[in-house]
Each structure stands twice: as C-alpha cells, then as structure tokens.
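Structures are listed in the sections that come next.
Consider the two complexes below, in which chain A is the common component and chain B and chain C are the respective partners.
Up next is the complex of A and B:
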C-alpha cells in the first residue's frame, strides 16, 4: 500500500520551485504592471471585457497554483468554489441589494470556510485520490445549484441576471473600463498577498510538505493543518474570482460552472507553469484566447485544433510560461554581459 | 476677385449637389452597422463544441442555406455574411462571443443563438445595446416578452404550450388518468413540467402519481422507468432528449408496462428515436409536431420535402438527413431571409424588429400543412401551433386540429 501510494504521490511533475523563482524581478513586474494599466486606453470595450476575463481566470489559476505549486495538492474541484463565489455575490447583489464590492470579501470568506471544511476529510487522501474527491465536488456543484429548495435564490436552471455596476464618484469611465481597473486592483492585491504568504513561515511549511511530507512532519510541521489551510486559501481566492466573474459577465447559471471550467483552470496552471505565480495570467490568457484561435482555424474541428496547440505547448515547453521566462532571462543576461 | 467668386460659386454648387445626393440616398436607403449596399452581416452563436455540440448542425445548415441565397444573387442584391462563433454552451463564453459580434464584427443582428442559458446570459446586453436577438433557438417561454425585451424574439413553439396541449387532451379523454412523468433535470425539462402542471391546474396534485428526473450524465434511464411503472400509473409523459427517449421506449416494452405514452416533440424523430427503439415498441405513442419529419415516409413525394432535399444535395451534401436539426436550421434560415427581404433598403435594427414582428400567415416547405408563422407588435412567438400525432405502423398519423397553445412570457 505505502509503496503504491508513494509512487502515486511522487508522480506530480512539480519540481521543487525555490521560493525566489516563484515571482518576477522588480523591473519586470513594473513593466508588466504598466502594460496592464495602459492597455485599456487603446482597445475597444469588448477587448477590455476579454482582458478582464483573463484577469479573473488569472486569479482562479493563481489560487490553484498556491494549492498545487505551493503545497503539492491536486484539485479538479476549483469550479465548485468558483461557482459558490459567483452565486454568493450574485444572490447578495440581486436579493439583498448589497454593493458589488462588498459581496466579494463575503464570497471569499464563505469559500475559505467551505474549502477548509471540505479539506478536513478530503485531505486524508493524497495525490490522484484527492484529485478524484475534488472532481466529485465539481461534478456535483451544478446539480446543487439546480436544487428546487434553493431555486428561490439561485433562480434554478434559469440562472440569475446581475446588474452591471457603473463607475463610482462620477468617474468618466465606461462600465467595462471601470470593472477592468477594479478587477486589476483586486488581482494585484491578491497577487502580492499570495507571494507574501508563500514567503512566510506558513508558505515555507507548505512547500516543505510539498517536497517531502514525512520529512516535514518530522520537523514538527502540522501537516494536516497546513494542507487544509492551503486548501482554504485557494478556495477563498477562487471564490473572489467567481464573484468578480459574476459581476463582469452579469449572469450566473449552473451551466457556467461545469467540470469543463475546472479542467480549463487546471490547464491554465500547467500552461502558465506549475508553482510560478506570474504564470497564472499567461495560463489564463491561454484558456481565454486559444479556443478562439482554434475556432478561427477550423470550426468543425476546433476541439482537435485546440488539442494540437495544447500538445505543442506541452511538448515544447513542458514547464509552461516559466520555462519561456527563464530562457528569456538567460538571453537578456547574456546580452548584458556582452 | 472674380476668381474667388467663381470658386465660391462652384463650391456652393458642389455643396448643393452633394447635399441633394446624400439626402436623396437617405430617403431611399437606411443602414445600421452591419448593412451596406453590398452586404448584410449576421451574427450567430452555436455550441460547435462541448456537451450540446450535436446542435452545431443547425449552424452548419444555416450557413449552407445562406450560401444558397448568396449564390442565387443575395437579398435585394446584398450578400449575407454569416459569422458564426462557438460558445461551447457556456454562458460566459456566449457573452464574450456576443460582444465580439456586436462590438468588433459590428453585425446587424444576432440570429438563432442556441440554448436557454446562453441566451439568458446575453438577453439584457442585447436589449440595452438595441441589437436584435432574433429567433433564438430555445423553446423557453420567456422570449415572448416584447414589452420588457423588445429586441428579443423566439421562433419555435415554446415547451410549455406543448405539455399544456397534452394536459388538455388528458383532461378531456382520460379524466381519471394516473400520470407518471419523467423529465430531464434542466431548464428544458422543468419548463415542460411547468406547462403540464399549469395545464392540469388544480388536478395536477391528484393526477400525477410519480415524478422522476434524470441527469444527462446518466448512462441510461432504465431504473427510472422501473420505478415509474411501480407507481401504477396508466399515462406516461416522457420529457427527454432523443437518446434517453429511445431507451425509455425500449425499456417500457421490455418490462411489459402499457401506459398511454406521450413523447415530447424534441424526440419525435423516427430516424433517431423510434427506429433505434424498435417500431413494434413505439406503436400508439402520442406526440406533437410543427415541422415535417424527414424520416417519415408520408412526406416522400411532398413538394416542400423535395425542395429541402434539392438544397441539401447542392449545398450541404454531407448532412445527416435523419437529423431533425437540419430541417429546423433550414426553416429558421428561411424565416430570417424572409424578414431581411421584407426590410427592403431600410436595413436598420429597428426596421428588422418591425418586419420580424409583422409576419402574417407565413408558411414554408418544412412546416406541417396548416402550421403558419404569425407575429405582431405584442406577439413575439412566431410559431405557436402544434398538431397531435400518433405513431402507427412506421409513420406518424396526425389527428385532430392544429392547436394553438400561446403562452405569454
């Protein structure tokens, strides 16, 4: 049993990412931030909407990255937390008349609690078994949302339409631009908080568990606690992303949060580079834009084209965007020296 | 000085000529984004991938039909540019694609986007942008609401009116029936169920003795059928999509249950439901229809069916002719072409809605004889008529009158 389990738990293709390598240098960060800030000034509202979607999925991928890259646990159930966050925000806005910004922390906290509680029993499982348990959660969630008992609030299968907020204080911004900056501000705050979390004592504990659970517990780390904590934090951030998603898309329905979403997020994490937080946004851009590219190549075979593109990415850069970034860094370093 | 005067004179003359031509042009031709002298851009969103990808055929049929129209010279000299995107039946993706169509491709209208959740997601957006969301491909009842959503219009008879018709029939012919219902646990199934409950009214509580819902992810509905039989019901209302409907018909015969079987028209196809379930098992099933079933032998020599076949031969030869979606896409595309023709040179979004809301007794080759398309400023449900039919031998026998089951949204 233990031999089998070890081969299974050893399987994750997560290299021990040193914690410095998890982030970007200050210069690069500033450039990326500047780009994100000025981009909306030059594009149409519809593209701004797409960029906002990328930021939101980026947050959800980041949350998964903390879980998988940080503490070494797999989850295919992120769509469930995303859905929960989305519905909490939508229900609070539409039925309780709450301000959209206030609903987000509530979504985050409830999802954190939910994730933490779900983590308690689930984390007795490890590796692919945990992935399966979370998979079950993702499959079950859309059906819970359809339950007749909750229909009064959730709108059942018909979903719930959410009112799109205007820019506050009479700022001369379109709704889309405002939501973009609003999302960007939250994304940056969560990004910085996540990096600090991983650099803290808790983060080191999580990474120790990821690298070798037995050694970590021998050093006195409360393995169960930190694993559950990572699960909770990840669920909480995903919940905030879900809430933002509901506000931006203006609609929640069970069909928006199927297992496909969970797989897309997982895909985003792998493409962005497991354990490399800045890669989250690259991964999110991949899951938002590449299906469109695939569709423009062939309508009937868009799924197959997407598969081929994904295959190419995994084959050429198995460590995702992180690998590309490292190569670039290497070349820039060479140029500087010469 | 004279030179300057001359110039001024020419300038003003030129200005007058210019003004005259433009105002003349304005009087004749009016365009909103998406329409020009040579082209009409139509947007469409379909689930070409994902769980509902079987319906992607509708989009392909429509594209083929617009190709035919273009090959025959277009609409009033304008070619149709049909831009169809994939949303994989995921509402957030639908919003993205709808915004792309409206804000980036600048289409005149979005036509026949498919599915209740995807259309719900863009309902408000389309109406706030005042872009027509025409002939949505869903049978939900809420699309017929011109007062609150003047830019959205359905097309097919809505689900609720169909089960209302069955309820009426049961109350009249079998007032003591014990009814068992099976439905798909989603918007489509629940809408149908609602129609049944409304149709039975106060009797619903006593007449319905068993309800079972199934999920599309289940491999078979056999266990539900066994449970329903155990309830002792003598009427079975089958609200399921083709694969599950065929399973149910087969299982009912297998366990020797003999209820009066009502089958929703979503699954009334002979080719994809009755044949796989076995003709002998399907005898006596009651359903309803508004389109001709291409696999039904009674239409073999029908003119409308011949037209459909000729179109498929030339423009969409690889189509599966047993698939009811092909007939659906063909007929809804014809309706679209009719509206655009009626618009003439006034291709504004407001006029498109106006023309769509003034179709009177329109009939196409794919519709059952007697079924017509009617709309008005207060009625945004183009098709509202159905005819009951009973399966006998190897074909549907229509009986009774064409019944209208208008339900407002």
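Up next is the complex of A and C:
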C-alpha cells in the first residue's frame, strides 16, 4: 500500500515547466517553421504522408501535454478521443457529404464536450487512479465503435473508407502534399492557441492546480472547473487530430484506435518532454519513425529493438527533447561568448 | 491604528459566532466567538492542538463548522465554497508555505489576482484585445506588489529554489494581489530567525497601515504577537481561554496556566 501511495503523491510532480520554458524563441521557431515548409519539396509522396502523420500525432501529443504538463492530470485514454474525432469526421464526410475541412471543428467541439463530461467523474481521481480510469475508456472505445446498433453509420468491424480530398482552387499539388500543408496550417494555429492558453489566466489556473490544489482554491480558482476544462481542451484537440487522421489515412476502423495508440501518445509526450509543447512534434516523430527504424534493424525482433531504443532514449535524456534543447541552448550560449 | 480606523470599527468586519468543529468524536473547537474590527491586528494564540489552525481552516472554508456561524461584513460565509472566499476579501497564507513550486515568483503572484479578474478559455486562446488589456493590468499590479515586498530581483526565479524567508514573502505578495480586506496569516514567523521575525512584524504593521487591511495572525511566537497585535484571543483545547489587549491576555492566570502548567500538576 505504501508503495502505491507514494506513487500517487509523487505522480503530479513530474517535471513541470515554468511558463517561459514552454515555448521556443522567435529565431528557433522561424527555423523550425521554414524546415516544415520546405521539407515536402524534397521527398517522395510516401514520406510526405509520413510527415503528415507526424504532424497529426504531434497535435495529439500536444493535447496530452496540455492535460498532463499543464493541469497535472494523467490520461491513458487519448485514443478514445482520437477515435471519436476520426469517426465523427468520417461519418460526416461519407454519410452527410460534408466538406472534409468543415468536419474538423465539429469533431473538435463534440470531443471537447465529451472530454469535459468525462472530466467530471474523473475529478474524484488523481495520479495513477485517473490513469486507470482513462485506460478503461481507451479499452472500451473500440467495442463501442463495433456495436451493431451503430453499424449503419460506423460500418462496424469493417470501418469506413473516406475519400481523399484533392488540392483546392486547382493548385498544382499532389493530394499528399496538399494534405500536408493543410495539416500544417491547422497544427500551427492550434499550437499558437495552446501557447496563448497556457500563458493566460486560464493556463495559470491550470498550472496552479497542478502544483497545489488547496492553495489554488484559496486564490479563488474553481479547481473542478479548470480540471474539467483541461480535459475538454485536450479531448477537443485530440478530436481534431483524429479527424485529420481519418482524412489522411482515408480509412477508419475500430482496431486502429486501441490502447496501443494511447500508449504511443503517452510515450510521445515523455520523449518530447512533459509540459514542453514544442517537444510534442519530436515525440510524434519518435513514435512514427522509430518503429520503422526498429523494423529495418530486425524484422522478427522489431518490438524488442524498439524497446531497447526507447530504453536508451529514456536513460540518456530522461526529460526528453526538452533536455536536448536545453543542452543545445547552453552550448550555443557558450559559443557566442567565446 | 489611526483614530479614523478606530472610529469606524463599531461593526465587526468579521464575526466568529459560537463555532464548533467536531472530527469523529474529537471536539477541535468548542463554541468559540470573537469579533474582528476593521484595521485591527488580531493575534490568535494557544498551545499546540488548541484549535488555531482548525479555526483558520474554517475561515478559508476548508472545514465546515458543525455549529455556529462566521459572518463577513454581516453575511455568513458558510454557504460559499472554498474557491469563492477570495472574492469577498479574505486572503490567506499557509503554515508551511503553499506556493506553486514549479512557477516563477511573478506567476505565483499573478495567480493571486485570479479572483479579481475574468477570462474564458476561448478568449484566452485567441488572445483577444480585452484579454491583452486585462493581462497588462495584472502585470502592472503584480509589478507594484513585487516592488512593495522587495521581490523584483527574483521575479522570474522559480519559487522552489528560493530561501524559505523569501518564499514566505512571495506568499504574502500572492495574498496581497487579491486585494483582501482581511489577511489571514498562519504562523508567518515559523522557521524564521530572530531578525527576520522582527522585520516581519514591521512589515505586517506596514501592510495594515498602508494598505488598509485587517490582519488575523495565528502565531506561536509570543514576542511577535505581543508586539504587533491590538487584540489577542487565546485558545486552549478548542475553547476560548481569554481575550483582550496583549497585556491583559499575558497576565491572565488561565493563559499562564495553559502555557506553563499549574503548580498542583
């Protein structure tokens, strides 16, 4: 019992980051943006597709980062929100004939509401117990999607095939390239909005709750409200990511959104650095590319190789990409001075 | 205290009426009553386990009294949830410092303004004009308070790395940021050395005089209480033992007995 309790009390103290450290400097941001803009010009369509996937997972990891790094709540259930977003977009496109871009805000809003409502009972739980409750959500979701009653809409076990959109206005872009830039634009908008949020009064309230609930309440912060809002925001962004995923992959099926996805997103957050928003994309790149690298090293033992690579990363840089960024910053500072 | 403050002090700002708190079978507070007048520094003293912190936690709505009432400006506070206490002008500090350890000093103090400001997540995410103006107003006020408490040098330091005495000042700054009418200080001298306690006493008096505040001081440090309090309430075993000016309470035989033990024990 004592071991469990220790974990529970220790859990929220994961390396939370002061607000200033949550972003990149203007110069670094510009370089990263430029890289993201020109990268598709030099690679094949399949790699562009992979890069789009990185951006989408990056959004989902960012969403988890707001929840865990921002408000100190754990979730192993992000795959459920992702699935919900994906299905809403897919159903709206295929059954209602809606434009793919218009389905995304709807996915986001419905997932926000769903996350907010899920956050209400979750208020009674914290630390690993909350992680378990969200885990249950992730396990349940694929089965709900397979329900016979919903089959007419969801396609049951078969899932739904989604039409891939062409570039609009006759732009001379391949479908993959267009979707990459489309996703990039949405990702940047959400990234900026997330940083605004965390730097605002609402974001400070969330971080106050993460650090000390009783003190937060004494400062007039409605702890229950901001905790559920954090869940809602996180679920909403994850829903948009899910919708984008459905459009890009052109297919939704219950078994694409299992607990494995939730764990992968959690992994992406840790590798990117908990609470460090720019790390989200690094974490996403890790969960997209490293399994491929592992497979190229050994087909039969790819899982084991992935495990070893993950272990090496966590052992060398326990604070993830954020730690690497800090070391680089330190060296650059030294170089400038000498 | 100035004459003007004394004159308006007829109606109590805060009234504790016959408050009792029972935990299981243990009576932590038993029918305690006292008044706090505008501009007063009221010292609440008592040996360990006397019920000081329990009373304090009733005032900040962490505990629900089983009997009695607490009135702020004549209105009961007992129907308010804990997070709606700051907005009626009750601010507090904590016995063992409860800051937001991973945030900077300036962010801690900014959070202090939460009950006096408004926003919603959509406007905050979009950084709308009124949000920017609100943020500028917050920064102005926070900067003012940081200057007042001599914290500008450490404004961007993460609080967990600061010395204990400085952390206590940050906590005070955070409480002041909410413009409280009453400041509840839970053992502010705990963990401070002799000189720091002396400086603290001065600071509390200065805050009362310059910022027009009423202070409830829960304290073990007799020297501090007796030197700055206008009025002292002594508790023991959950009951009020004595009340009056510092010298009256100090010479009260029951208080002496509670602190030093009686001859026949």
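Note that the second predicted complex is superposed on the first by the 327 of 338 C-alpha atoms of A that agree within 3 Å, B and C clash if a C-alpha of one lies under 4 Å from a C-alpha of the other, contacts with A are read in each partner's own complex, and residues count from 1 in each chain.
Basically, a residue touches a chain if its C-beta (ideal position, glycine included) is under 8 Å from a C-beta of that chain, and two chains touch if they have at least 3 such contacts.
The model shown is predicted, which means the values in this text are computed figures rather than measured ones.
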Touched partner set for A:94, first chain B, second chain C, both or neither: neither
Partner chain in contact with A:300 - chain B first, chain C second, else both or neither: first
First (chain B), second (chain C), both or neither touched by A:45: first
Chain B versus chain C as contact partner of A:193, first or second or both or neither: second
Contacts of A:215 with chain B and chain C, given as first, second, both or neither: second
Set intersection of chain A contacts, chain C complex versus chain B complex: none
Contacting residues of chain B [partner chain A, same complex]: 48-51, 56, 60, 84-86, 88-93, 95-96, 99-100, 102-104, 116-118, 120-121, 123-125, 140, 142, 185-187, 190, 215, 217
Residue ranges of chain A touching chain B (in the complex, touch as defined): 44-47, 49-50, 53, 139, 143, 146, 156-159, 161, 245, 249-251, 253-256, 258, 260-261, 288, 291, 295, 299-300, 302-303
Sites on chain C touched by chain A in the complex: 60, 62, 82-87, 91-92, 94, 98-104, 107, 110-112, 114-117, 119-121, 124-127, 131, 134-135, 138, 156, 158, 174, 178
Parts of chain A lying in touch with chain C, wherever the complex brings them together: 16-20, 193-194, 196-197, 200-205, 207-208, 210-212, 214-223, 229, 233
